[in-house]
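Heads up, the next two complexes both have chain A, just with different partners, chain B and then chain C.
Our next item is the complex of A and B:
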């Protein structure tokens, strides 16, 4: 694989992660902030809106940069394994950031003609916990890959360069 | 309407809650572990400082770009370069060996071809000699066959000759007997002739004495003389026949001796 191919691959994946981790959440929370449902204003009681956007941006940036490094690295290289693991951990923190920033417990206030008649609270903490559990398993997998890259580095390199002696592959 | 939407939301919430509760036992402990370490780690993350994160982003992206452009994974690592060198050396040696082997093989092929040609020539010569020998042997065999046939014939001939000999011997014996008889007869005739001559003389004397029919007496004497001559001639012919028979017997005996010598 050439350097141009690797770099373009990294740029493409970085842009995908920027869109999924920063742009979409930003627009979602901005849309929820002042939502109108069937003529009734449902105002997001989000005192820490700016805080959510901040954490989404910070972790989005870190995840996107790691994605660039990860996807522009050669296959089965240690640097790819390292940055893939870092990216996964950052993903976990990114998801957790929704919880501690208050995004997992959204409270909607129902306002009819300037009169507040009640509120709806959506608590997605359990969902986040479930998501964390699955992330734990993926972290284990990535960790295994990382150690596999380190331990079998020589074999992987030999396979990549297909070293042969007298027409026979070295195993 | 709002109440209806709330009902729908309640149904969805119930479904989600059921799924979460069913998976809670397995996933919750893992989630708790994750929450604990993340809570600990997040303490070190600076808050209200987005520029720092932007700087980190820029640093990671630039380093990633530099590192992955400088080392895109195309170049062979050091330990593999040595392997390449060794491989090149081995290939060179293999090529050299191939060339040497080819040269040797060609030389050997040439030697073998010359040897084969020589051997072929020798074999041809031998074949010709053998053919000649075979022809000679065939001729010999034919000769032997002929000899055997001749011998057989000779045997037959000898047998025939022996038979003939026996016959001839018998004939010779008979002839001898006859000759003896003839000799005896000849002697008798001679005696008779002498007696006749004596008679003739006597008769001459008597004729002279008697002077009676001298001519008749002469005629009788002449007749008697003629008879005596005929008997002598017969005796001569018999003697010649006996001599011829004796010659034949000698020849047969010689042939027999030769045949016995050859055998």
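Our next item is the complex of A and C:
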């Protein structure tokens, strides 16, 4: 696989991560910021909104840049394993940022004729914790990968260089 | 021939398990969100609190006869059970307190919390939150008739209610709470 292929792969995955970790959450929270239910305005508290967007963008950027280095690295290389592990830990912090930024307990004000008459709270903390569980398993897997790449480095290198003869792939 | 190392096979199996697990979780989350929107659809009137007229006897001159009946109707049109349904209702009263120079004083006269369990998907719950002098009303907080400023304007007595409705949805992954605060329910004119 050439350098150009790996770089393109890195750019594609970076774009995917930008969309999933930054663009979609941004538009989702912007969309739910001002809603109408039964003719009543339901408004996401401004301070909450800004805090959520800040943390989502911060970790989104870090994850996306890590995704570039992860996916542009050669298969089964230590570089790939290292970036994959860093990316995963950042992913955990990203998910966790939903909790500490207040996004897991979103509070909407119910406004009738400019007067706040109450609020609606949606708590998705259990959902986030469950995702954290799957991320924990994925971290174990990436850790396993990392050590596998180190322990079986010789075999991986032999296999990698055996596949090309005269610049053409045989497998 | 390309032989896959056993460590890679183990990795593949764990990865497949994780993929299935994450996809199931995402599907449950997506369906739950979609379903919650179905329940809260403004045109469907699935959650009606109150469902009809609130019966309220707030005659503080005869505290033992005081009574509140808050009817409600919850229809679960979603795909998951609606669990841990809880409703709490509080009523506060504002009056002119003669003991402190007719200053406006607010006291909580009613506080009731009730759990209604689970409404299975496709089912409905038609019930009411009931309170009377011995259950819900805080008689100790109700002022003596002689301590009330009966000349107070614009109202002698003002009654405001706080209503909280909470429930869990989508295998308890979502919990939502709706709170209405300081909703004027009755004002006694001079």
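By definition in this document, the second predicted complex is superposed on the first by the 159 of 171 C-alpha atoms of A that agree within 3 Å, B and C clash if a C-alpha of one lies under 4 Å from a C-alpha of the other, contacts with A are read in each partner's own complex, and residues count from 1 in each chain.
Everything that follows uses one rule, which is that a contact is a pair of C-beta atoms (placed from the backbone, for glycine too) under 8 Å apart; a residue touches a chain by one contact, two chains touch by 3 or more.
Because the structure is a prediction, the values reported are computed rather than measured.
After overlaying the two complexes on the shared chain, residue contacts for A:27 are found with neither chain B nor chain C.
In the superposed pair of complexes, A:136 makes contact with chain B only, with no contact to chain C. In the superposition on chain A, A:144 contacts chain C only, with no contact to chain B.
Within the superposed three-chain arrangement, the count of touched residues of chain A is higher for B, of the candidates chain B and chain C.
With both structures placed on the common chain, the touch criterion links A:152 to chain C but leaves chain B unconnected.
Comparing the two complexes, residues 37-38, 110, 120, 126-127, 130-131, 134, 137 of chain A contact chain B in one case and chain C in the other. Of all residues in chain A, only 1-3, 6-7, 10, 14, 37-38, 40, 54, 57-58, 61-62, 64-66, 68-69, 72-75, 77, 79, 83, 92-93, 96-97, 99-100, 110, 120, 126-137, 154, 157-158, 160-161, 163-166, 170 touch chain B in the complex they form. Interface of chain A with chain C (complex): residues 37-39, 110, 117-127, 130-131, 134, 137-138, 141, 144-145, 148, 152, 155, 171. Interface of chain B with chain A (complex): residues 1-2, 5-6, 16-17, 20, 23-24, 26-28, 30-35, 38-39, 41-42, 45, 47-48, 50, 53-54, 56-61, 63-65, 67-69, 71-74, 76-77, 79-80, 83-84, 86-87, 90-91, 94.
The touching residues of chain C, when paired with chain A in their complex, are 2, 5, 7, 11, 14-15, 18, 21-22, 25, 29, 40, 42, 163, 170, 172-183.
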